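Below: the structure, in structure tokens.
Note that the chains are named A, B, C, D, E, F, G, H, I, J, K and L in the order they appear, and that numbering of residues resets to 1 at the start of each chain.
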Amino acid sequence: MKILVLHGPNLGRLGVRDPAHYGVRTLAEIDALLQSRGAELGLQVQSFQSNAEGALIDYLELEAPTARGIIINPGALTHYGLSLRDALESIHLPIVEVHLSNIYTREEFRHRSVVAPVVTGQISGFGWRSYLCALELVAQLVAETGQTHN
Amino acid sequence: MKILVLHGPNLGRLGVRDPAHYGVRTLAEIDALLQSRGAELGLQVQSFQSNAEGALIDYLELEAPTARGIIINPGALTHYGLSLRDALESIHLPIVEVHLSNIYTREEFRHRSVVAPVVTGQISGFGWRSYLCALELVAQLVAETGQTHN
Amino acid sequence: MKILVLHGPNLGRLGVRDPAHYGVRTLAEIDALLQSRGAELGLQVQSFQSNAEGALIDYLELEAPTARGIIINPGALTHYGLSLRDALESIHLPIVEVHLSNIYTREEFRHRSVVAPVVTGQISGFGWRSYLCALELVAQLVAETGQTHN
Amino acid sequence: MKILVLHGPNLGRLGVRDPAHYGVRTLAEIDALLQSRGAELGLQVQSFQSNAEGALIDYLELEAPTARGIIINPGALTHYGLSLRDALESIHLPIVEVHLSNIYTREEFRHRSVVAPVVTGQISGFGWRSYLCALELVAQLVAETGQTHN
Amino acid sequence: MKILVLHGPNLGRLGVRDPAHYGVRTLAEIDALLQSRGAELGLQVQSFQSNAEGALIDYLELEAPTARGIIINPGALTHYGLSLRDALESIHLPIVEVHLSNIYTREEFRHRSVVAPVVTGQISGFGWRSYLCALELVAQLVAETGQTHN
Amino acid sequence: MKILVLHGPNLGRLGVRDPAHYGVRTLAEIDALLQSRGAELGLQVQSFQSNAEGALIDYLELEAPTARGIIINPGALTHYGLSLRDALESIHLPIVEVHLSNIYTREEFRHRSVVAPVVTGQISGFGWRSYLCALELVAQLVAETGQTHN
Amino acid sequence: MKILVLHGPNLGRLGVRDPAHYGVRTLAEIDALLQSRGAELGLQVQSFQSNAEGALIDYLELEAPTARGIIINPGALTHYGLSLRDALESIHLPIVEVHLSNIYTREEFRHRSVVAPVVTGQISGFGWRSYLCALELVAQLVAETGQTHN
Amino acid sequence: MKILVLHGPNLGRLGVRDPAHYGVRTLAEIDALLQSRGAELGLQVQSFQSNAEGALIDYLELEAPTARGIIINPGALTHYGLSLRDALESIHLPIVEVHLSNIYTREEFRHRSVVAPVVTGQISGFGWRSYLCALELVAQLVAETGQTHN
Amino acid sequence: MKILVLHGPNLGRLGVRDPAHYGVRTLAEIDALLQSRGAELGLQVQSFQSNAEGALIDYLELEAPTARGIIINPGALTHYGLSLRDALESIHLPIVEVHLSNIYTREEFRHRSVVAPVVTGQISGFGWRSYLCALELVAQLVAETGQTHN
Amino acid sequence: MKILVLHGPNLGRLGVRDPAHYGVRTLAEIDALLQSRGAELGLQVQSFQSNAEGALIDYLELEAPTARGIIINPGALTHYGLSLRDALESIHLPIVEVHLSNIYTREEFRHRSVVAPVVTGQISGFGWRSYLCALELVAQLVAETGQTHN
Amino acid sequence: MKILVLHGPNLGRLGVRDPAHYGVRTLAEIDALLQSRGAELGLQVQSFQSNAEGALIDYLELEAPTARGIIINPGALTHYGLSLRDALESIHLPIVEVHLSNIYTREEFRHRSVVAPVVTGQISGFGWRSYLCALELVAQLVAETGQTHN
Amino acid sequence: MKILVLHGPNLGRLGVRDPAHYGVRTLAEIDALLQSRGAELGLQVQSFQSNAEGALIDYLELEAPTARGIIINPGALTHYGLSLRDALESIHLPIVEVHLSNIYTREEFRHRSVVAPVVTGQISGFGWRSYLCALELVAQLVAETGQTHN
């Protein structure tokens, strides 16, 4: 069972620059953690990072049809990436929106997510832990498929 | 190590009325799940529900000084409970804001949380799973205390 | 057949202070009028006043399951009591929102009712008559139950 | 004692089209109900419907000087008919604004009534019952003339 | 040389009702004053009042082609009569917008004139004098035709 | 099969005044084009122009029950004619909103159409061609009746 | 009887620069016209121009107590000069606000006058004629003193 | 002569937590200072703190009828406590709104006080001194009763 | 004569997913219809789809200099693609903006098109028919080149 | 120890005009009260009034370097005097903003103070008493210099 | 060739107070740098500082007619000085708006310049270097006079 | 010492199309001017143009670590490119935002730069000169590194 993990613009540099602010773990390390935990849960975790909205949509077009769940940190596209939103809206899988920082403690423009209304749920503010927490939830939601999940 | 779980207005009826919409689990069942999982994690989970903002603040004044972490679903107070916000802001513990439903798919007024800027992070949209996920994160954050958690 | 009548903050002083502005009838007198007219209509009218939003919700949790209709004047909670709104929204009975004064001739903030979208209808501007008019309508709606009421 | 009942744009088709949504009673039937109940109350109810704001104002100019009260459902003019508002503002009689549906559960633009600030009070959400309820109140207000009606 | 004077909704009752507020002069008296002063200036003043926006536009379509200037008090249409605005915009004559009262001391919605951007100028706040002042200006502008009038 | 073509305020003067700006074709010429093309398509095209919102609604009340499709250029009513909107909303036929000019290149207030949410679709910016294009589409939609038209 | 004429910032250069846009008459010429016409009306017209808001207020403090009416073109202070507004508000004389151009055809920020709510009336769009028209009105209002001027 | 001092939500912890930010004086110490100074001024100072809006209103209902002045720091209720506002509005005594911090240097939502329009005046930004300053003013205003206090 | 047809983000999946909502025709089928009809009209229709705003602009830079007209459905870029807007603005050809659905019946953010002010006209709400209608209009506008098209 | 007292535009006429509204004390009398009380407190109170923002800033540049505290009533500059704000912001002394009236009971534009965010605190609504109260606080703050004043 | 350099309110204290924040160079030093560099470029640089908007406009009226270019740092007038804007708008010379700090990193109100739309261009964020950079550009623009400068 | 020059969407066509509006210099010519002047200043100027936000971010990721300063004209991304903003925000080098035209004289949406808050400073309105001016400033800022640059 394939789970997609998408990282949006500027996340490729995670852990490389400004570790004091963004944490010391690199994106590769986070992806490794996800794959390792995914394996324990019987899930194949497949990651993708791009600075381009178009490339993220291309990837979803290609991979979503054979996936069972999606974890996405859209970076700044969270706030204006309406094309990405449309792509996610047409995918009928559990989708978890993830943010490293608590976006509600930052600039005003970061308080609004255009993606949030089309995902299953949102986790923000727990650093790399947000991703792992998302993986647990996706695993659970996939397992429960066919049930209502309220 | 005591973890507080606060449920705001109207959550006492969870699972009793409109189960098709709000889920079949009662608040008591969710609290039991949290206590059970808390026990496994070595945490004492202590729950409290009130329909009154003042009572929630009273409870925090009394219990927060001896707690290590807080999970809170403020119900509709999420959107206007500035006094609750002030109470939470002055507590220097990991605090996780939890919502059963994805608040961004509902009425406009539910998109803004006045509490979000003063908590550690937010989880919304995963039903009762949101609470358990919050407990895991609080456990982790408490364990890491003394470290930065980015 | 029990009909609940809820009076929100500051309505306890009706008729006591500033009679020139708010009318000379006390809340007790209005409640008596409602009970008397209710009796004629075969309805048991049960009144409750509180200055606390939480107490109004507690009362609804306790009494609504055995009631057939609700009349509510939320006082200033009309404009920000989102918890009260949620409590009313989950009750599937005829609910009539009542205001003594015409709220549209007063301060800007009084023009918006957060409760209005979850009630059956609204009556404002007719003083104590608003309550009696509401009672007639609730009686009618209860009698017609099972029919559409457009 | 003459009471005017004004119906604004599109209300002429009431009960004819989309009865599932707007109710099965035609405007003629509602007018008949009002006349019948008016007769019991000693009131002469005189109805008028027009799709044109100007015609409604012309009618008020002509008839209001000899009337004792007014019931008006301005239809969509509720939200932009400032000329109608001015006409009503200059009439010193009890005026009841009536809406069939609860306008606060519909589109955003229907939440604001430009007429509300110049009428005695408003009743919305009770279908054809809103009109009859309005007639009772007008009758009462007319009878009390000379008294304050708070 | 024909000058058109248009009076919008509700102006027909000028001087009849509420003279303390709107002045004691009737519309007929104002029109007579304008015709008399117009005669002195060699102008044929032709007045028209209607409560209907459509009728005002019909009148302009019919009469403007043979007129030399226009004085208009659009009443409440000032604030939403965009069709009237379009009619005026396509007329290449001196047009003076007139208001009896100072619209900037009244309700917020009266502060914006949708007609103002398509007229030559605006006079407000001087009661019936506003009309006479407008007539003097129209006479002057007509006389100066062919000159710039800054 | 009857197709209604409604022209709103000020459109009667099309091609007469300011041909450089609004085009040289008169409304009569456009109506003739539509009738001619309609005849080829087996449609009876019936046109109506009025400067009054009420008259347009009266016409729809009378003619829509026997028509199969509607083309409407509401003129400036596009931006505030909520009564016209309600009339159109209750008609279950293909309706095409037409504008001669590209309304998005003009004043801010022209960018919002209150009619657009209740029509099938909108064509703007192609002058008289917009009407003919609308006729082709109405013909097609009428022919496809019974099919979904996405 | 002294009438004050105040000219705000940048009006000193009237007729000197950009005559094509602002007209060929200098401020001195306009003042001369006003004095000449004032003399005919038995009024002593006294003019003052300043680029400083403070100086205009100083002048009003000094001169208003002995004046009978005020004509003021506040220039750009129209839109933000709240101190000037306060100065005018405390003067109980006829005050006419004058603008050379039609301020409603210019930039958005020029559409709002902070002075308008505290003056008797406003004249805009008639170039230098606006001033003379204002003088006639002030003369009339002064003459009528003691009467209501609606 | 009894003076009421009301402290809103979260003020009970003053001086206990975060003394560096909120000051080292506890609420009890401030109340003691007020009582002591009150005694010197011949005033009986009676304090009350609650985290619940309803309880503050209950207290005002009970105590205000026998009091001569009110000092209130509504805490976060300042910004949304419309019920508290209504309670204060109906009390015809000198009322001083007090804030420890300068609320205009804090978050945007703290800049608006819904209470300010119904009190005599406001003092903010001087820590515990704000309360003592308020007491002096209340004493003075009570002493001057019967005089205007501008 | 080459006509460019541009399809923005997510349009590549048309007809593949959710046919009940977006229609059963694939993008390839629509392109084939356009080419076929184009051939009849003597036009060479050349289509391009991309999920990336940059790629759409690159394509316009390359192809527009040799094209005679443009049809574009910008997908969600309609609402925020200001770079695409700038690219279109600098192209002096007939440009038709096309939308499958009536964007005015959908989410608020879809009501504003940043592209509309720089195109010739807009067609929305007619499914695949919108494209064919656009092709007819482009053909006509190209044929009339050199004439004004009002 | 010198304390500066600045009075903004229009305050020079205090007590002279409209004593019923603004109080009977002249500015000179208030200044005398302040000097007298200042002498008791060992403070040299130095007052300055100007109708010009620039002059107030000049005065601050000259006098602030040798002063120990500032009391300022900026008059209407409170709402737009950003230059005055900058001047105050760069002065590191206790600064008390004073208003005679409760600015929150007046026009909307008076509710916002651009000066408030850069002063120590604000006192409004107590007439001339506001100034004396400010003097007491400045005296106290100056005496406590070197301490935190929360 | 004379170049004017205008410094608005509070800039006279540059380098004197808070050098850590505003830089160590005084305004006199910056003016000297400008004169020295101006001499090299064959330009006579003439500086003026005032805290009064009126004085800046007076200076422009006097000096602009004989100048060839203008450099202006309007200080806080940048955000509300509409009179200064009008003065600059009527001057047909190259005008460079200069800011020491990056105004877009400061308070919200500093992000909008009312002067920017009437100047040639803007330089902000480079401290005293902004002025010298402006001088180079003015020199260049003056030299190119008669050419377009895009 | 490497200086990066980034040109955003649509800038590749500079000087090719619409030279009357955008100037006759091509982007290649501007880049050549920058390299030539850079060489004189001992700087290696390296230019990059892309129509894709993602590609600009990729370039910054690759090249910024070895660069000493950045000049960027983000084209229309200036107004919505939040991902580009995040990329620039994480780079701790002097960054100069450049615009050919004065963006404050154009459409409303161009007045807000989302990039401005994260750059050192901004230069707009001087055509190709803006770039050269930026280069001089970057050179200076790089040379001064280690000093504060206020």
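FYI, a contact is a pair of C-beta atoms (placed from the backbone, for glycine too) under 8 Å apart; a residue touches a chain by one contact, two chains touch by 3 or more.
Quantities reported herein were computed from a predicted structural model and do not represent experimental measurements.
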| By the touch rule set out at the top, what is the minimum number of steps from chain F to chain I? | 1
| message | Over half shared numbers or under half: where do the identical copies chain D and chain F land at their interface, same or different? | response | different
| request: Express in whole angstrom the distance between the two chain centres, defined as the mean CA positions of chain E and chain I. | output: 47
| field | Rounded Å distance, chain J centre to chain K centre (Cα mean) | value | 32
| query | Approximately how many whole Å separate the CA-defined centres of chain H and chain L? | reply | 55
| task | Going through chain D residue by residue, note those that touch at least 2 other chains and give them in order. | result | 52-55, 80
| remark: Pairwise, the chains that touch are A-B, A-I, A-L, B-C, B-H, C-D, C-H, D-E, D-F, E-F, E-G, F-I, G-J, G-K, H-J, I-L, J-K, K-L
| Touch list for chain H against partner chain J, complex | 20-23, 100-102, 104-105, 111-113, 116-117, 119-127, 129-130, 133, 136-137, 140-141, 148-150
| said: Applying the document's contact rule, which stretches of chain A touch chain L when the two form their complex? | reply: 8-10, 12-13, 17-18, 50-55, 75-77, 79-80, 109
| query | Which residues, counting only chain C, touch chain B once they are in their complex? | reply | 52-55, 57-58, 61, 80, 82-83, 85-87, 90, 114
